[in-house]
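Chain lettering (A, B, C and D) follows the sequence in which the chains are written, and residue indices restart at 1 in each chain.
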Amino acid sequence: MIVMTPGASADEIGAVRTRLEKTGVHVVVMPGELTTAIGAIGDPQGVAELGLEGLPGVDRVVPISRPYKLASSELSHHEPSSFDVAGRRVGGGETFCLIAGPCTVESSEQTLGVAEAVKAAGASMLRGGAFKPRTSPFAFKGLGVDALKILAEAREATGLPVVTELLDSQHADAIHEHADVIQIGARNMQNYALLEVAGKLGMPVLLKRGLSSSLDELLMAADYILKEGTEAVILCERGIRTFETATRFTLDLGAIPWLKLHTHLPVVVDPSHAAGDRRLVEPMSRAAAAVGADGIIVEVHEDPEAALCDGPQALYASQFADYARDVGAHASLLGKRLA
Amino acid sequence: MIVMTPGASADEIGAVRTRLEKTGVHVVVMPGELTTAIGAIGDPQGVAELGLEGLPGVDRVVPISRPYKLASSELSHHEPSSFDVAGRRVGGGETFCLIAGPCTVESSEQTLGVAEAVKAAGASMLRGGAFKPRTSPFAFKGLGVDALKILAEAREATGLPVVTELLDSQHADAIHEHADVIQIGARNMQNYALLEVAGKLGMPVLLKRGLSSSLDELLMAADYILKEGTEAVILCERGIRTFETATRFTLDLGAIPWLKLHTHLPVVVDPSHAAGDRRLVEPMSRAAAAVGADGIIVEVHEDPEAALCDGPQALYASQFADYARDVGAHASLLGKRLA
Amino acid sequence: MIVMTPGASADEIGAVRTRLEKTGVHVVVMPGELTTAIGAIGDPQGVAELGLEGLPGVDRVVPISRPYKLASSELSHHEPSSFDVAGRRVGGGETFCLIAGPCTVESSEQTLGVAEAVKAAGASMLRGGAFKPRTSPFAFKGLGVDALKILAEAREATGLPVVTELLDSQHADAIHEHADVIQIGARNMQNYALLEVAGKLGMPVLLKRGLSSSLDELLMAADYILKEGTEAVILCERGIRTFETATRFTLDLGAIPWLKLHTHLPVVVDPSHAAGDRRLVEPMSRAAAAVGADGIIVEVHEDPEAALCDGPQALYASQFADYARDVGAHASLLGKRLA
Amino acid sequence: MIVMTPGASADEIGAVRTRLEKTGVHVVVMPGELTTAIGAIGDPQGVAELGLEGLPGVDRVVPISRPYKLASSELSHHEPSSFDVAGRRVGGGETFCLIAGPCTVESSEQTLGVAEAVKAAGASMLRGGAFKPRTSPFAFKGLGVDALKILAEAREATGLPVVTELLDSQHADAIHEHADVIQIGARNMQNYALLEVAGKLGMPVLLKRGLSSSLDELLMAADYILKEGTEAVILCERGIRTFETATRFTLDLGAIPWLKLHTHLPVVVDPSHAAGDRRLVEPMSRAAAAVGADGIIVEVHEDPEAALCDGPQALYASQFADYARDVGAHASLLGKRLA
C-alpha cells in the first residue's frame, strides 16, 4: 500500500502506478478525500525493495502482508507445531518444558549436582553454558569444549537432554557432538551467518529474542533457520531493553499470546536474565506458565553466592523442587503437564 | 556518593569535600586505585540539589538512597498496607480485586447491563469513564457529569463501588460526590497539581503508571498523593512505551514483584490498554494474577463492536464469568480469594 | 485500510464491508494473493473508532491519513508559519531565536544579572521558572507569583520578552499578566485540560514534546491549543526517554527536519534538559542550529554551582557571549540571523 | 560500592565485608542515616562478578569505575587518537572524513560512477556493501566477492580507500585483500567472535553502535577489537531503536560530545540508516558536523529509484557536491577541513 501526500499530482500518482506495474503486481488506485492510496497486490518483498518512499508525491509505504513466511501460523493452518527432544515433547499445548541448570559450567561436581537436583524436581532438560558471551572482553568466558564434555556426562547420569549456546561457527561440530538443543543467544539473533550454521546442523534450535528485536524480526530470524530444513525451532522471550532499569530487562509476557496467534512454533520464557534478581524469578516464572508459554529456561546453582557468573539471578538448587511445583501448578490450570 | 574523574587533583577533591561539609552532611573520602569516591552521609535531597556534577574533577553523582519516602516498604516495616473500599479489602495478600466495566459510560442501559454481568461473575468494583482523555482533540470525550450519575445508579443497583478517572481539577467535586475510587490516568501521573487535588479529597486513589515512567517515579508520584494525608493509594501497571508495536504497550509484569519488594501499597494490573486486543487480555490477566498482583482493572462491554471507544480490547460481557473463574483460579494458587 | 487475516472468509469480509458502509464511507475491497485489504475512503476518525480490530477475520487496521489537522503543513500549503513576540520574529526561516535564562527564578539580582548578560550576547527572549514541576514532592518548587514579578522587572530592564511555564490552570491569570510566552512542560504535553486553558489565553505557547510522545502525538497536542484560536504555537524538542542513560534524555534532532516536512509551526530545541551536563550543551546547540531549528531554549546562570535547580546543565553567564556567537555562526550558514 | 537495605543487620554487613576482603580489595564501611554503604577499592571486575546482589541485606551494587579500559580517554591522557587511512587522517580534530558510496555494490558501472562523483566532491573514502545483512532471509544479500573486486577497481580508478562490512569470519581473508577499512555492522556489535577476527586482521575497523547498545557497551565492544593489537578503531553512531517510528531510528547526536569526553577514539555518524528518508539526510549530516563528529558515512546512488537496497535514503550522486560543500562548511566552523 503506497500512501501519497495530500498534494500529490496526477503525474506523480501515475509514475508510482507505472513503476509498480513494471514489477508485475496488480495495482489498485484509491483516491481519498485528502490522500490517494495505491494498493499493490502480489510480491510484497519486491514492492518493499522498490524504495518508492523516495519518489515525488509519496508519503509512506505501508506493508500489508506479514514479513515472515515459514514461521507463520498460516503455514500450519493455525495448528501449533511440536516435536520430541529425547522423549520430551516441546510445543503442542499439552506439555510444559522446564529447562534448568547453571548459567555456566564451572566443574563436573557443580554441574552434576545441579543436574540431579533439577532432574529430581521434574525438569525436562539441562541447560549450561560452555561458551559465554561477555560484554567486557576481560570477563570469564566459560570452559569451552571441556564444559561440553561435562554436560554430556551429566546427560549420561541423569538422562536429561542438554541445551547449550552456539556462539561461533567454529564450535558447531563440538556442540553438535555433545548437545541436544542449540541455543542462539539474544545478541546473535540477527547474526545471520550463525543462524544458517545452526539450521544446517539438523538439531532443534532455541532462538532467543534480541534485546531490541521486534516480534516480526524474531520470526524472520526463525525463517533463517527454518529455511535450512530444520523444523524444530523454539522461540524464547528473555526480556527487552527499555527505559526501565529497576529490572535488568523488561520481560514482555504479552509477546507470548501474540506469538501464539502469529506462529506455530513453541515459545519458552527465560525469567532469569530479565529479572537479574532471584527474588523476582519465581513470580515471573509463574506468570510465564499462566500466560501460556510452552516452557521456561531458568538458572539454578547449588551455591549462587560462589557462582562465577550471574549468581544473583540463580535459584538455589535446594529450593528448586518447591519452585517446580508452584510453576507447574499454574501450567496445569492450562491443561499442561511437565514434559 | 560523588565519583571523581581519574585525573582529579587533590584541590578538586578538597573543593567537593568543603562544599559538602557546608551543607552539614558527614563526608567520607575513599581514594581508589584509579578513582576517588566521596561519600556524603545525611540529607540525600540536599546533596542531589547541590549540582556537584558541574564541578571540576567530578565524574558522576550516584544516589545511594531511594528517592521515595512515604510509599517505601521501609515505612511499613515491610508489611503490605491494605484498606477497605465499600467492604472490599484491597491489598494485604488475601484478596484479589476484579475491577471491571466499560471503557466509557455510553448510556444507562449499557452501563447497568455490564455492571450486572460483572457483579454476577464476582467482580469487586465497577469501572467506567465519564471524562475521557483523548489524543486527538476531535475524538469523543465522554458524557461527563451525566456519566457520573449513571455510574452512581449502577452502584445503587449492584452494590459495586465505582472507579472513575479524574482528568481535571474542576471535576473534583462531582467525582467526589459520585465515585468511590479516583483514578489518575497514565498521562497525568506527573501532573503534580492534579495529584495534590486527588490526595486532598480523602478518597482512595488508583494511580496509573505513566507511559514512560520508571518505578521510582511512580513511587514518587504516590508520595505526592500520600503527603496530603490519604493512606489509600492503589498503584496500577498498565504497560509502558517501548520499541515494540505488536502490542499497544509492553505490559511490565516484572514490575509487580519489584514493587512488592519496595513499597507497601497494593498493585493492580490493567491488561486491556497494554494489549489493545481482547485475544491477549485473558492470558495477560492470568499472568497478572500469577505474578502476584492484588487485582486487575479490565474493560468489558456487552457489544464491543458497537463501543464508542476502545472496543477491540473490551471483553464480551457474556464471557466474563468464564474469564473471572480462570483468572481467579490462578489467584487462588497464591492463597487469594476474589475481594 | 482494514487488513484481513489470510484465512478470512467471504462472510467475514462482507461483514466488515457492511459495517463500514453504514458509516457512510466509500469502500474498496482489494483481494490479494494471501490477504484481502479493504480501503475505507472518508472519515478516518470515524473508522478508527469503529474498533474493527475486534471483528472475526480482521488482522489490523492501518490508518492512512495523518491524525493531526490544524498543525499540518497541508493546512498552510507547505509554507512555514511565523509570528512576532514583542518584535522578535519566530519561524519563517529567516531568524533564529535564542531563548535563555535561569532554570528557576531565585532572586531579583540573580534574574536581572542573567537577563542582562544574555541580552548583551544577543538573546531574543528571557526564560525563567516561577512554578517548577518536581519529580519528588519534597523538592523546591519555585517562588511562584513573586518569580513572575521578578521576570516582569527583568523584562522592563532589558526589553526581553518572558517565557515561563504554566503548570496549573489556577496560575493562568498571573502568567497571562506577567509573561509573553506560555510554556507547557513535557510532563503536561498530554494534560489536555491545561492545553485548552493555554490556548484560550490568546498568547503564544511553547509546547514541549513529552518524554515518550511520538511526533504525531506532539502535533495532535498542538491541535488542542490551535483549535482554541491561538495561531502562535512553538514546538520544542527536549529529548525523549530511551534505554540510554549516558545523557539524561536522548535529544532527537532528526525530529526537526521531519517536523519541517509535516507541520508549518516553528520548532525550537532545548539542549539543557536532554544533556543534563553543561559540557554537552554547546555542541548540541550548534547541532540544533545546523539541523534547521528555529531557535534554542537554554539554561544560563551566573553561578551554576550555587543554583537551586539543575545547576550542572546551566551555562555560565560569563561565557554566554561566546556560546551565542558560535551557535549563531551555524544558524547563519542556513541564512538565519538572531531574532 | 555495595548499598545495604535500610534494615540490614550488623551480621549481614559483616558478611559482605568478609566476602569482599577475601578477594583482596580494600574495604570501607560507611554507615548512613538510613542505609549503610560499603566501598570496595581495587579490582572492579572481580567485585562485579562476586554477585553480592543476592546476599541477605544487600540492596544494590553500584559500579563506580567505568567498565571499559583500552578505549578510555584516561588511557590517552585525554588526547584524541588519530591515524592514517591511505593518506587520509581520521580523528585528531583537524579533519572531517566524508565516507560515501552506494548501500550495495550492484555493478561495476554503478560503483565507478558513484565513486567518481563522490571523489570529485571531496569525499575521503568510498563505502559499498559486498555482503549485506538482511532482516528477511528472502531478500537480496549482495554480490559477495565479486563486489569486493568491483570496489578494488573503483579504488584503483579514484584513489579512494574502501570501507566495507565484514559479516562472517569466513569472508575475512577476501575483505583483508580488497578493502582498507573493515566495517562491523550494528547487528554484530556484540558478536564477540567476529570482533576478535576483525581485530586480528591489523586493519582499521569502523565499529557501528548496536541498535540498543549503550555507549558503555560500545566502548567495551571497541575493547574487544583493541585488545587484539589494532589501534585504529573508528566508532560510528547510526541511530538507536526507540519508541519513535517517524524516523527509522533515533540518531543520538548527544552521544558524540559524550564520547569525546570518555574515549580517545574518532567518532563518525551514519545519517542514512537513522533517517531512512533522503530529505532528512542532509540536515542530519550538517548537525553531525556541527556537533563535533570526525566524519560522516553516507549512502549515495546515481539512480536511487533503481537501487536494489535502501534507495529512499540514498542521496543523488548529482547533488553530492552541494551536499559536501554544505556539510563541510559546518565542519570548518569547528576548524576542520575535509580529510
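By our rule, a residue touches a chain if its C-beta (ideal position, glycine included) is under 8 Å from a C-beta of that chain, and two chains touch if they have at least 3 such contacts.
Not measured: the values here are computed from a predicted model.
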{"item": "For chain D, the least number of touch steps when starting out from chain A", "value": "1"}
{"item": "Which listed pair, B-C, A-C or B-D, duplicates the contacts of A-D in over half of its pairs", "value": "B-C"}
{"item": "Inter-chain centre distance, chain B versus chain D - centres from mean C-alpha coordinates, in Å", "value": "38"}
{"item": "Approximate Å spacing (C-alpha centroids) for the pair chain A, chain B", "value": "30"}
{"item": "Length of the line joining the C-alpha centres of chain B and chain C, rounded to whole Å", "value": "26"}
{"item": "Where chain C touches two or more other chains, by residue", "value": "212, 241-243, 245"}
{"item": "Chain B contact footprint on chain A (complex, rising order)", "value": "212, 214-216, 239-240, 242-247, 250-258, 261, 274-275, 279-280, 283-284, 286-292, 326, 329-330, 333"}
{"item": "In the complex, chain B residues that touch chain C", "value": "19, 45, 49-55, 67-69, 133-140, 167-170, 187-188, 190-194, 210-212, 217, 220, 223-224, 227, 241, 276-278, 304-305, 307-314"}
{"item": "In the complex with chain A, residue positions of chain C that touch it", "value": "1, 3, 6-7, 28, 30-35, 37, 39, 41-42, 62, 64-65, 74, 78, 212, 241-243, 245"}
